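Look for subunit A in each of the two complexes below; its partner is subunit B in the first and subunit C in the second.
Now for the complex of A and B:
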């Protein structure tokens, strides 16, 4: 089934539009986010400061970039568990290339190409290879992590002048991760905004986006309609791999020291959780970029707020897990009540 | 035909990826070679069995107060009671008696973490110094079950002695006792299993190291101010031990207030974000104590990027390259080293002693404080 929100006719009367607005999954997530924000701003004055809001924006950026990719994968009724490992592999390789004296552009291109290629392999094996993507990407999670460990010999990769990086390249590389536009907006956040806008245009305004929904809704129907189902799915994985690589590069540009055994470990679960909270379904065919952004913000705001309130670290984990279950559970319940 | 073409194309792409990875792999030693290698001090200091502990102990003793030395001496004076009750199994005893080559293995609880390369260097140093077949083994993640499975496989493969570090204190005590009951000598290192009958332990007193770190920070803060403690995993036994020691240390300074223990998680971005949030929530903080290797440099980065150098004092653990660089820049005030390569080196030595029938006792690898005054010792090779 193609996502109804995307296919809403533009000629519907205003009351119909308002009804659709309230029925949209994003509205529920947005309301939850606003309630959380109001509660946190009352509970801790630091929450609403510009500095903290920019902190939250930066803290969710890399998760957000990857979640945009995961939205494509989940809508196409697949899943990618290897994103944390691709994030580490690409980030560390790019960092090593910079340390080895490579220029910024070639290093970035190689890194992003590796991310996209790993995504392509995931996609090919999950389609033409007839393997479930859960298994393919579970395997790739280990392969990519193992490759990162082999390449780095298990040692931390530190990207600085002492290790041999060219100072000019290094300052450009650092700017990608640590820079602030107008001395205010973190570069990571800017990357997230750009990726989200491009991701939204591609998913909502192009034929490719329509095909992704069609494939995820029913691949048989899509195939009968002449859509090359496998190719569409492979593209979803390539986008995912590319964006995981981009996030990995921005990560090591922000904190110029990474280690293959630690970087990006467990990130795949955060990415999937944020995307699901935002309205995407593991059953495919559902999800929007706007919803994903809201899902990412819910996770980010929750983590930020709980620390600001000085809540015990163990409670934080419990509460984040509970919110994920609650958000998806409430949505399922209200949708079933509305007959959706 | 089209399908075959696609398969061929895909295979070619896969090969390109593999070649790219292999290419990067072959050049991997380049950064490794240029990374700080403070352990070269240990390696240089350890050409012989006697020289290793003696020269290594010099800076350690300097850094350690008398309280630190006390448990070590006590342990050294009283050989482990369990050791005297241990009997080598016949197969191993025969090999020792015949002078046959022995197979020893040093099991580390996570060969993918930052600490593992240091442990491996100590093992390789011991292999060379003692001319023995010894290698580091262990799971590629902190997975106790996988570690146990590997230990069981090693027994089947005919291992003659094991040095074991577990992911948390006493996690492997049952299997250690089982191995000892089979006549296979087992020592522990890095993270101990004191509830087991292990023959001896080589490593740091974690609680004492936390205590020392707190005192270093409190003194640098002139005994007053607000402090947060950061840790990758507040629930892990090593963290609990260090935090217990640290809080004991801070208790000696009535004007030091510990505001919060921040559980940063293990992912670098997550670590930085947690510190960022905690600092915003506690604007009066003037000291950060990191309980391990990996939240100290993100704490330093936060202080540096927010213009807080000099206002917020950072003290942490271990000698990762980024930590050393931030000490050099004056952002991190001090870091406490636990000589990881010496821990595995000493573990191998203890095993060989046990196999040769000599009494073995715990070895405290001590605490060395790294700051700008002795940084050059640890940045050798850069």
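Now for the complex of A and C:
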């Protein structure tokens, strides 16, 4: 009864792959990154040294770790504005625990657990609580920031021996933030690479990752497909909170100090910007970890290049803002050409 | 038709291509003042593209638009407005938070500079005049449009269109969500406008209505003009043949092809849900196609939701004799149910996801191992259903949103079938779908019934139910008021039951 004469006009996988490669958002971002790198290496010879590139890698690592989490949140069609505050809260609490003489592992576990818990609360309120995540996380941005201020009494937290930290714990803690593997690769960059790889596998290779896309594509359609929409979204927020906490810990281990009123203020905008430049859509359902990494690198390379070229920090902000608008604008344009 | 033989609008050899598809391939069309000109064609025939060109939303690649004898360009919707062309889209373009009066005045507000003071009294006077012209004088002007029924909203939209000096009124599938009375009213309004010299371009899939309403009918197929004929000389069969380019005889399945088995696949006992559903009991046998008819608001939507774990209920549901408790759709799927939802773009499709991802979404355990996706398996399942259901796509990774409505619906059907359901529930399965795709979907359903799947079709299209179902249940105010076997199913008695006249009631 069903017609079977008509050939299905499916192109061969290989030509389809090539076509998709050209259409993929990542390709555009990659080309932009390469153009920027070529320009910078011509403009300032310092750019293309191993040392400098590793330096860029370290500088973008914390942004990168959080952007991996933001990729999950944006694809699931939510947003998290509280990441900068979670970053501060978890970093400061972990730092204080170390100062109070706690061991490394318990201090880290408590810190990461708090990050994940805050993420869970964000997620629960944004799903079962029927509130838009823009509102819940905007509120949480203040709540977590306020909690950090209360706990630290607004005072700076410095993690060193004078404050009472155990010397051995302290050197381990410092190594997390400041260490270099083989005396070359910064630990922060190593963390970023590990988070990116795990994040990529989870998002693109697992059923959970598929569900993230489905939920963001249409939560109603996902629900009638038997997907537990709320649980998936909550997990995205938990991952986000956990990774924000991890970045906050690495930050205080690097510096090694922080202040509740300053640490990570405005960071949420950089994180969302990098993720969106990398191709994730605020409308949900779209984005990849690879794209996010490229987006993070674009922002990192741009900052680094502008510094190397001796351009003022005020211009950096202006240029980065322009890049965000340009990237999203180009994406909109190519999407309409593709008929989406 | 009017005596005035100067065409109001002439399209000559309009071409418009999108990447991968030639949406319009040299279409010409002439519309006279005071005529209702219907445009019909399957989905993807190019009707919407043509209308969007007239509305100034899209620019043709080549061809000419002649308006009242002068060649014109319509680079922007404002220009189309100034020419006197108004479009009423299928998805209404009203601001739900604004009042009736404000919405009607939107067009005039939009063309002004923006800093003038808003005169709400003017709004009200104008809106009142326009609405009484439409026979809607009783509508409360201060009500937010979001609280109106779809039919009332549509009248507001038409009111908005005629509030300016409209010469051409374009309606895209205007009555797909209207009841019979509302449709009659709409048609009366359109005939009035015709008498006032307005040219009306009417796009619809409902061929009987097209025949009774319009003066001339233009058929498009695959972006090409096929024929323009006077409505008097057209018949439904002829229109269908011209639309699909072949004879469609599968709309109604041949008599005696029933495949009902004795085993009961799906049984609902005394199902109630708040005040909306009252003690509903029915069963669907394996291989049986059961239809549920009813007017909007009768409780059909709620019944579907209860049967798929989307709405709390009291009462019992049994699948293949096993009592089940459906609290969430994943429970329903686990117990062998599949749902094809009514709201295709909202609840059915995940538009930004690929075709293959849409197909496997309800059946992830089949395409994964230990939580890891097996890409080749996803591809294989996708390929299998694309072939089996003859889904026309450029590739399995094509985004769902770029497909035509009929193909999207087939993908959603594939998603349901991929779970190997014992019971398939379809809610408005062919709403807004062209006649060719409709026939194909019907053929698929009959095939599934022959394979022993129990099928429940909940639909507001009576010809569809009468053509497809072994049995039809009729709902009125949350309860069943009638049951018809296929042999005595006919539109009039079913409609009578749907309007509350409890006749022909048998208990099963």
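The rule we apply is simple: the second predicted complex is superposed on the first by the 326 of 340 C-alpha atoms of A that agree within 3 Å, B and C clash if a C-alpha of one lies under 4 Å from a C-alpha of the other, contacts with A are read in each partner's own complex, and residues count from 1 in each chain.
The working rule: a contact is a pair of C-beta atoms (placed from the backbone, for glycine too) under 8 Å apart; a residue touches a chain by one contact, two chains touch by 3 or more.
Predicted, not measured: the structure shown is a model, and the values here were computed from it.
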### Task
Considering only touches as defined above, state whether A:51 meets subunit B (first), subunit C (second), both or neither.
first
### Task
Classify the contacts of A:262 with the two partner chains as first (subunit B alone), second (subunit C alone), both, or neither.
first
### Task
State whether A:205 touches subunit B only (first), subunit C only (second), both chains, or neither.
second
### Partner chain(s) touched by A:285 [first = subunit B, second = subunit C, both, neither]
second
### Query
Regarding the shared-chain residue A:307, is it in contact with subunit B (first), subunit C (second), both, or neither?
first
### Task
Give one of first, second, both or neither to describe whether A:214 is in contact with subunit B, with subunit C, with both, or with none.
second
### Touched subunit A residues, subunit B compared with subunit C
B
### Query
Of all the subunit A residues, which ones make contact with subunit B and with subunit C?
none
### Task
Would you tell me which residues of subunit A are touching subunit B in their complex?
44, 46, 49, 51-52, 55, 59, 62, 93, 96-97, 99-100, 110, 114, 117-118, 120-121, 124, 128, 145-147, 149-158, 160, 162-164, 178, 251, 254-267, 303-304, 307-310, 313-314, 316
### Message
Quick check: in the complex, which residue numbers of subunit B touch subunit A?
### Response
6-7, 10, 13-14, 16-17, 20-21, 24-25, 27-32, 34-35, 110-114, 116-117, 120, 140-141, 234-235, 259-263, 266-269, 272-274, 276-278, 280-281, 294, 297-298, 301, 305, 320-322, 325, 382
## Note on the structure
Counting only contacts in the complex, subunit C reaches subunit A at residues 18-20, 250, 308, 310, 328-330, 332-334, 339, 341, 343, 346-353, 357, 361-362, 364-365, 368, 371-373, 379, 383, 386-397, 399, 401-402, 415, 440, 443-444, 446-447
### Summary
Given the complex, residues on subunit A that touch subunit C span 1-4, 6, 8-11, 13, 16, 19-20, 205-211, 213-214, 216-218, 220-228, 281, 283-286, 337-340
